[in-house]
Amino acid sequence: MRREAIMRWLLPVIILVIALAAVPFANDYILYVLTIAVLMSTLAVSYDVLLGLTGYLSLAHGFLYGVGAYTAAYLTTNSGWNFWLAMLAAALMSALIGAIVALVAFRTKGIYFAVLTLGIGLVGFQFFLVLEPLTGGVGGFVGIPGIPSLPGLADDPSRNNLVVAIVLLAVTYFAALVFLRSSIGAACLAVREDVTLAQSLGIRVGTARLAAFTFSSAFAGAAGAVFAAISNFVGPDDFSVMATGFQVVVFVVIGGMGTLWGPILGAFLVVCLPEVLRGAATYSVAIYGILLLFFILFAPKGIAGAVLALRRLLPARPASVTQTARHSEAR
Amino acid sequence: MIELLPQQLVNGLALGSSYALIALGLTLVFGVLQIPNFPHGELYMLGASFTYVLVGYGVNFWLAVPIASLGVVLVGILLDQVGYRRIDRGGNLSLMIAALAMSTVLQQVATLLWGAEPHTTRTPFTGILRTPYFSIGIYQIVIFAAALLCWLFVWLVLHRSRLGLAIRAMAQNRTAALLMGIELTWVRIATFAIGALIGGIAGSLLGAAFPIYPTMGLNPVLKAFVILVIGGVGNLWGAIVGGFLLGILEILVAGYISSQLQDIGTFAILVVVLIIRPNGLFGRAEVLR
Amino acid sequence: MLEIEELSAGYDRLEVLRGVNITVADGGSVVVMGANGAGKSTLCRAISGLIECRRGAIRFDGADISRVGTSERVRRGIVQVPEGRQVFPQMTVKENLRLGGWIHGKAKEAALREIYDLFPRLEERQGQNAGLLSGGEQQLLALGRAMMGRPKLLLLDEPTQGLSPVAIEQVAEALISIGRRGVSILLVEQNLALAEAVGRYAYVLETGRCAAEGPAAELLSSDVVAASYLGH
Amino acid sequence: MKRLLATAAIAALLAGGSTVQAEELVLGEIHPITGPASFYGLVMSQTLKMNAEQANAAGGIDIGGKKYQISIDTGDDQAQATKGVAAFRKLLADNVHFVIGPLASAVAPAIKPVIDARPDVLQIIDGSIADGVVNGKNSFRVQADADTYNDAAIDYLKSKGIKSSAILTDRGHQGFRMSEQRMMKSLKNAGVNIAAQEYFQMGDTDFSAQITKLAASQSEALILRGYPGEGALITKQAQQLGYKGQIVWEMGAPPSTVMKNIPATQMDGVVNCIPRMMADYIRLNVPNAIKVADAFHARYGKDAGENAAFSNDAFWILTTAMQKAGGVEPGKVAAVLKDLKVTDVPNLIIQYKPQENGLLFKNGQAHPPSACQIWHGENWASLPGDHLDLTTKN
Amino acid sequence: MSLLSIRGITQRFGGVTALTDVSLDVEEGTIHGLIGPNGAGKTTLINIVSGLVRPTEGTLSFNGRENGPWPMAHAVTLGIVRTYQQTRVFMGLTARENLRIAHVAGAGDANAEDLIDALDLGSSLDRVAGELPYATLRRLSLALALGLRPKLLLLDEPAVGLAPDEIARMAEVIRHFHGQGLTVFLVEHNMRFLMELASRVSVFDRGRLLFEGTPEAAQGNPEVIEAYLGRGLKKHAGN
């Protein structure tokens, strides 16, 4: 079996085992940090379907995550929906809005695409502030019901949260793998690598990109729904371009674009490192920047690339679904 | 409300000239080297911070401006040599990510050096010009003049100097420029130097009117990208006109629609422009005509 | 003047030149013929330093220049008229010419005068943007621009491509007059007529190697070239 | 196996050790120690640590007959919600049951659900003026609420007989935005006409569109609600655009911060209506204020800043309540807090307005008195007739 | 019966006319060559037939359907597939992934094993395309097109840049698939290669159809030779 494929299955299992093993022992704080790391991994995996698979740099992902969070918050709090139903609705809502954003944004490419999605992210953030009846405005959305207990975890909301987050990550990850292996996933790869060639192979470029963006939005929305429920409160700051929108880029680039499992590592590193380094936090943001710069300059395939290189056994280059950033010219 | 229009238009022009000043350097670098120099906002911030430090040491403001700007030039060249040069063939995505990364790093370095707390250089221009129709601060006139002068400066460099000839050649056709014996490295350095110089001057002057803090460049550079898209990539005059346009539009939105929608207005305009014209309002303008 | 020895060069995976040997004597004019894909443009790009030389050597005036940058090669006197002319479309004719002499510092009027004498058409159009010129005029401009660099060796990459017969004649005339001034010429061409008009010595390139060489008059009138093109 | 035994032995030793040192009491705090808001948060944290050092140096605090050495466990929230929740949960995981903070209005509502769910935790907010974060059961606040800020300004307008006012609000400021409706109502009740209402955002540098409109409204007063950085810029631009009425600030605005964005002369006559803070009490010669300020300066070599008073008071209110409860059980301490009288607490800087029966808190909210100051020369000065009712023993 | 009929195609770009009133037919089951000097408009014609660019004037009919040309995606579903003069494969993906994309994009009924064998890609499947030797890349790019099971394959200089032995191999590959019933429209500069394969050639010069006939006839046609070798500066000869 090829190394990349091994990693693609092995790594999530390792993370799952570690996380689940931690569940019975960890304290509230560790559970919370792990839950956030798992949620951010979900977000990173969903974003990798867009950035890694199509090569388009969108900065509106934080906004779509927020759409999911607010949708679920509103439905569970004000309309009394069941959480699971609300999560589904949040995913659909994010997918819908994501599709609209995509229809607008894919008219452009390259820097224009990045600037446009940045603009959409900023406008969206402002909407969270302004649409007070729906979002609570600057005060945030308060009193969001927690996640309903899974069997056996009734008296332990923190563990319950982590388990639900892990399940969501697993679902997202396998959905992403299925997406990647589907004909649309193949079409996305083709679009990323060479739009003209893809067209001449009869691939419907527009459909492929739209599907990737929508897929990515839907799972961002689901992650947002879980975030809202575990926090019981969401405020606009959680979904700003410079916070979440930029951070997912960091996760994916540091982790390794297009591998799906790399971004999980990236998210864990970025979320957990500052917690481990609490106290040295003054430097933490600077460290993100330096890490990001380091990876893009010297290891554009991210941690995943480094892991694969370490495990290099055959003289041939690793077979991968990854793109090296160098091949995603002219988007 | 309509009787306020002259004043609001002046407000818009004043705001727009600060945008134009910042957009000018960004569009130059993008036009010549196709690099989305996101850290241009941080060059602006450094211009302000250096001036603040110098004035703090008792240096005269008008002396501090050029010294600070030259300091920014060095940082600008460094950005290119450290960050962009080695991924020049890496494609758009790598360039954009490197740009975002360097932007963050510079912000953090500034935080470590000067703290997150806002500072201000004591303003040397406090006067106000009042007319029956509008009033305007002297510093706003200075910024307005600086925007036009910087544009003129860049224009003169590009069109009246040997270096400018080389820069324009490189922007229009890299291969042919190389065959003229022009060295890409020097054109890069010169372009980044000029871009950073303008960014530095912008920060240096605006820092005398506005608070100075590590993330102060974020908003302006976002606006500058909007201007870049509206005004046409590499179109210097477009940067000036686009800057004024955006300034006036923002003021009109805040003044006549709602000050809650000021930001939404700006970016809604961007979205609309890009929907109608995916390559910007003035198209993918002739690079550095 | 120019000695190319066992030169190999290409792009990424693709090796286009596979051990090419070419010599241009002082004041000589050499043509390199070959069908598309034979490696003619690659040869030009390798000589001017736009792509790196993988194996073999390029010597110019006795010095090995195979590791020297493009700019330095221009300074030493190797000036290329690139394929497709590549004028700077949004600059005036005069600015294009000034760029040709860029390495020699501020362009002197006398140098411009010389070019205008050679190509009076350019003087008429000196204030116009180069992008607005006709194909033939652009080719003359590219030639004039190269001459502003005071070349010792002028490299021409298919200067007749896409030109009308009249324009081709103008180019031929210009090249002959340039040759008379003692400038060495290396002309890469598909057009046999121009090659015959300009070249003294000829090489035929096929799939990245020299398939034949000899005095132009003999080689070009023989069937070798036609065979290479038409596959006889 | 040997190793396992050794581990167990160490664990037992540690457990034994902790019973020996039972007199150690850990107080948690949650403030932005890093990040953009660290400028405000750091001094608050330092004040708490200084208080603990002083109490320890004096032999500790006597609670129920035991002398407790106080240690401060710092949670850095970086003024961000998620970071704040993590920091807060870390404190809880460290077995901390008393938390002072937060400062940031992004953090306070985010940790509120956690506090509501943990009756064994007691929180005293010393910074955030956000709405709806105090429950009066296990979460209290010594900082003023937004209404206190608003009422101070309204009282000022009333006292000057001002009949119309324009308002300019930082629309990203949780406390000011959420209290807007209540403020409108109070203004109406006070007979003040709201001539115009506009917004800006933190980080904005150009306010000319809004000011042009506000100036055209010809209101007698202009109330600015937000942070002093923008406040100074707005004041400057308002003068430039010919605004003639009285400018009234609602912002914690130390002179050093104000001066950074506006020449002193342009500030002349601006009135700031806010709860009294550190600098006011120093100016009004409150002994504790001077004592803390001097100690702070001696300890850290810099000024304590405006919010130090709240942190200082939170510390003493909490420890006093523990003493009165005779133990460190959060539920009991909270019960004491509800009945705590202003005069019960030593070392207070802020001269809290006693509520019914002299109580410090009403529904968990303490009431720092507010007052207006006017800018003269290079500094804030008391308005004529301003005086202080000393309500606490010192 | 002709599979492809090109009728009156004219293409102008700005002021330049790249093709002038071109009409020609490609018979089913043939290898039809297209030659001409640089700038003759050969690639432009391929671009038009494949649907990459729309012609200024003119129509196509293909396999009994009128009213072409069709947009690229549609053309592919009708069975018109092209390759590019530059090597175009998905450089960042493995050969296997490249083939999977073609497989997915096509009807999915292509026999992948047959393709891999015929194009000798078996040993390169798990290597990233960007690292494969040039000749393998050329075959891979051909495999991508063939994976779509075209009726008509438009080949734009498949042998460019190849060494002589590799050219022979390429010719073999084309013949192999031609033998399976594929119609090929072949633009090529390498005349020897073309002559070996094509049963009929069209010669273009400056956007016009200059000659049509057998390869041998083309080689002997004075007009063709003139166009190709560009004689016409006789007066300078000997200068």
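So that you can tell them apart, the chains are marked A, B, C, D and E in the order they are listed, and the count of residues begins at 1 in each.
Note that in this section a residue touches a chain if its C-beta (ideal position, glycine included) is under 8 Å from a C-beta of that chain, and two chains touch if they have at least 3 such contacts.
Owing to the predicted nature of the structure, the values given are computational and were not obtained by experimental measurement.
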| item | value |
| --- | --- |
| Neighbouring chains common to chain B and chain C, by label | none |
| Relative to chain E, chain with the most remote C-alpha centre | D |
| Chain of greatest Cα-centre distance to chain A | C |
| Approximate Å spacing (C-alpha centroids) for the pair chain A, chain E | 43 |
| Approximate Å spacing (C-alpha centroids) for the pair chain C, chain D | 78 |
| Cα-centroid distance, chain B relative to chain D, in whole angstrom | 38 |
| Chain centre separation (chain A, chain B; CA means) in Å | 32 |
| Where chain B touches two or more other chains at once, by residue number | 111, 260, 263 |
| For chain D, residues that touch 2 or more chains besides their own | 35, 38, 171 |
| Chain E, residues touching no fewer than two other chains | 130-131 |
| Chains touching one another, given as label pairs in label order | A-B, A-D, A-E, B-C, B-D, C-E |
| In the complex, chain C residues that touch chain E | 10, 12-16, 18, 35-37, 158, 160-162, 165, 168-169, 172-173, 176, 190-194, 196-197, 207-208, 217, 225-226, 229-232 |
| Residues of chain C that touch chain B when the two form their complex | 48, 50, 69-71, 74-75, 79-80, 82, 86-91, 95, 98-100, 102-103, 105-106, 145, 149 |
| In the complex, chain A residues that touch chain B | 55, 57, 104, 107-112, 114-116, 118-120, 122-123, 126-127, 130, 242, 246, 249, 253, 282-283, 285-286, 288-290, 292-293, 296-297, 300, 325-331 |
| Residues of chain D defined as touching chain A within the complex | 33-35, 38, 76, 78, 80-82, 85-87, 89-90, 92-94, 106, 109-110, 112-114, 117, 130-132, 171-174, 177-178 |
| Partner chain C, residues of chain B touching it in the complex | 162, 165-166, 168-169, 172-173, 175-183, 286-289 |
